[in-house]
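Data first, discussion second: the structure below is written as structure tokens.
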Amino acid sequence: MAKTITFKPLDIGFWLAWLGYIVFLGVAPLIFSSNLGLTVLSQIGTVIIAALSYNMLLGQTGMLSFGHAVYGGLGGFIAIHAMNLVAGGSLVCPTSLIPLVGGLGGAFFGVIFGWVTTKKSGTTFAMITLGIGELVASAALTFPEFFGGEAGITTNRVIGHAVLGISYGPQRQVYYLISAWLVICTIAMYAFTRTPLGRIANAVRDNPERCAFVGYNTQKVRFLVVVLAAFFAGISGGLGAINFEIVSSENVGALRSGSLLLFTFLGGVGSFVGPILGAVVYVFSLELLSKVTQAWPLYIGLLFLLIVMYAPGGLWSVVQMNMRIIKFQLFRQMLRPYAVILCAALPLFLGITTLIELAYARQLDVGGDAVVRIWGLPMDVTSLMPWLAAFVVAVIGAALFRRAARGFSLAWGRVHEIIAERTAGRGVSA
Amino acid sequence: MSVPLAIELRDLRKSFGKTEIIRGANLKVPHGQRFAIIGPNGAGKSTLFNLISGAFAPTSGEILLNGHNLAGLRPFEINRRGLSRSFQITNIFHRLSVFENLRCAVLYSLGYRYSFWQSLEKLADARERAENVLELIGLKRRSETPAGLLTYAEQRALEIGITVAGGAEVILLDEPTAGMSRSESDHAVELIRTVTEGKTLLMVEHDMSVVFGLADQIAVVVYGEVIACDTPERVRANAKVQEAYLGTPAEALDE
Amino acid sequence: MLSSGLTLIFSMMGVLNFAHASFYMLGAYFAYQISLWVGFWPGLIIAPLLAGLIGALFERSVLRRVHRFGHVPELLVTFGLAFILAEVVRLIWGRAPVDYRVPPSLDGPLFTIFTTNFPIYRGFMMLVAVLMLLAVFLALTRTRIGMVIQAALTHPEMVEALGHNVPRVFMLVFGGGSALAGLAGVIGGNAFSTRPEMAEAVGNIVFVVVVVGGMGSLGGAFLASLLIGLLQTFAVSLDWSFAGALASIGLPVTSATFGYPVLRLTLSQVAPILPYLLLVLILIFRPKGLMGTRED
């Protein structure tokens, strides 16, 4: 039978995106050269690796884990102990390779815990990961030699000789180390999605029953993915150990696991870019949003809920959906609905956030001034006026929003109908 | 030494709790033949399939595939021994494209197993095999469409494609033409005939024209037992079968 | 008591409810607030009702929407709710524990065994728990609504075809479970402390109890909570360790011995981990739990 020749033009967009990514990583410290900027960039780097590793589990293989921080954290502990061993002279290992040590540590625990947890799948798997997470977090206080008790284990990242003048003392050098590992890990994890195991992982996600009937032991597939994901999580942990010079029980705790889950899902688990976006939002919220408002966990939680309900593909899926509309040159039809709904959303947003901020201010103001600035306006938390005003604004906003939402979904539906018509003829999904 | 049968059921029984669904089923399926399993609703046909393919464990009795007892084997192990099945409710990888669906179906049998060090695109034989099946099931122009977006009949065709792509010798099809129109059924019958050429086929069906058009032998299952297993003409004339379907003994079935 | 509410919800909808313990917390906080304004006894009725109302609202507006996306989004949404409720509680009542007290009429010893006082309040708690279990059991098995619930559990479409308003039933069950959790909070909040972290602390153990006992089985949950309670009480009070055991048979263990950190652990130190170990073991070897009817 004649072999079909497939013509695949070089996907310029794809290669440009990768190039842009690497270039951006290279020049970012020149743009954001402040200390805060470098710290944030470094943190984003480590979190992206963790989020992508989590996506291997959830987005690629459909495994919801509530205890993924365990692998990153344990990898971090192993890395930090290794660093201390190097400093003490009993181990030889260049600092640049410490993340690899963390990765191997993570993978080691991935094998142990992975074997246990992948015996079951689905919701049961999720519950087991919760149990393991709690187990490790509780164990953290029971084995102070390894976990350092409440305070954790500290280290100094400037160890050994400086090679080529790189001692990893300055934050900028640490940033470049992180970026280098980031590029390696992103390429590796992306490549994984295009291997047989990576594709079969997708199959397991979509239909494990069917997967068994094409010859695969789905449990083995899930186990292997856990180990690989744990490896990358461990690298992230190792980088964190270098960056912060401390690892504590917090790194394996439920809060860390939960945050990883929340932000990765927020960014978008169906895609490769989603988790990267999620990681950026994570660090931004943690470092920057937290300085603007005390209520930031609440806002993030509400955003998360909205995403799960209305855009389960995450923020990136929202971007993608709009990009698709633009590609079909139908965005003009959405301009007005967008404008309307954003205008309606504004009072709703202002009202609710003001109420929340007022409540926080009242909560924390004990003994301080009763007057706070919200949205630039001074408000007296003890008087009824601001509360009432905010409430009224919120209610009006809600009513307006409901009206606008109806129009918006109509327009949205219409646009997608047109797209569906246009693609049906081609027999190809656009 | 005689060639072992493709499938043999010996006094197979299956109970769910106190209810016995399969009550001593016996069946002999030689290689290279096309068998249809028919019977009134609730007779246990799907249960039989689930037993043979390893989804359930029998309460007692034996299931032999090429002479080997399948007791205790899990579905993927049974699949690796050369048995593949389709499902009554379409069971495909809905988020993957049609082509990827088929590619997944061939990966294991081509030996790529759990490899994460090879690039999928470079596996020429996987690509070629998948494209062949794609051509066969007539979905070439839909090859990049996510499987979840296909029409019902297209999904059924894909279902059959995935079932045969791995090259299994024994094929089990569970109501392959369920929900299809007349023309779609005819199309499906042709497809089934082509893809099962030279293989052993076991098919549960309700559509009699499909059954009589394809089957070399028909097994009639009533209340968990195989009450008849014979060529189509003889089964038609079998009094027990008529009684099972019509409720009372009939003098003759209309042609 | 908390566990039976969770079991009820889970068996009902297949939704493992992260936020369940949060309703426990809400119940406690509501009761606290009401006890400040009116007193304990009205709180006993009103707080669970409020909790149940919020639960039902949540089911109606949020859970129902994501139900069709699958199990994962359902879990995530209850996870999100738990997170938000904890923040909201911090928002309204602050981060420190609040002073929610046992009412004076129920304070004091009921009777004395040997030298230990058995507080009236414990007795009261047990009484409420038993009554509640009984009520739920009867409601499920004897009333018509109970039958509808049990049927809707496995065949929601059929039940709906028969004319019952299945979504409303789901909402009722979720609300009911939340109310039960709230009731537990009213009772428990003043015996144990009432603080924003209480949901987490309790929630974990409750999950373990439900899964160990078997999802879908009230009796199993009861058994499991007894088992775990006993386990923890004994473990905490015992100071055994491998090191001690080895020493008693003449093999002294010193800090130089290999594996010393593990060997010298006493049972009491390991106590907090035990329930999770049990959870993991059960999930591996007997995933249906001790008396479970559903595996999911």
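The first chain written gets the first letter, and so on, giving A, B and C; residue counts start at 1 in each chain.
Convention: a residue touches a chain if its C-beta (ideal position, glycine included) is under 8 Å from a C-beta of that chain, and two chains touch if they have at least 3 such contacts.
As the structure is a prediction and not an experimental result, all values here were calculated from the model.
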- Task: With chains as vertices and touches as edges, which is it: line, ring, star, complete or other?
- Result: line
- Query: In terms of CA centres, which chain lies closest to the overall middle?
  - Reply: A
- dist(centroid_CA(chain A), centroid_CA(chain C)) in Å evaluates to 30
- Message: Using mean CA coordinates as chain centres, what's the gap between chain B and chain C in Å?
- Response: 46
- Query: Just how far, in Å, is the C-alpha centre of chain B from the one of chain A?
  - Reply: 43
- Item | chain B, residues touching no fewer than two other chains | none
- Considering the complex alone, what residue numbers of chain B touch chain A? 53, 74-76, 79-80, 84-85, 87, 91-97, 100, 103-105, 107-109, 112-121, 123, 128, 131-132, 141-142, 144-146, 149, 162-163, 165-166
- chain A residues touching chain B in their complex are 1, 3-4, 191-192, 194-200, 202-203, 205-207, 209-218, 220-221, 224, 228, 427-429
- Note which residues of chain A are touching chain C in the complex, please. 58, 62, 64, 116, 119-120, 122-124, 126-128, 130-132, 134-135, 138-139, 141-143, 145-146, 254, 258, 261-262, 265, 295, 297-298, 301-302, 304-305, 308-309, 312, 356, 359-360, 363
- Query: Residues of chain C touching chain A in their complex?
  - Reply: 14, 16, 62, 65-66, 69, 71-73, 75-77, 79-81, 83-84, 87-88, 90-92, 94, 200, 204, 207-208, 211, 261-262, 265, 269-270, 272-273, 276-277, 279-280, 283-284, 287, 295-296
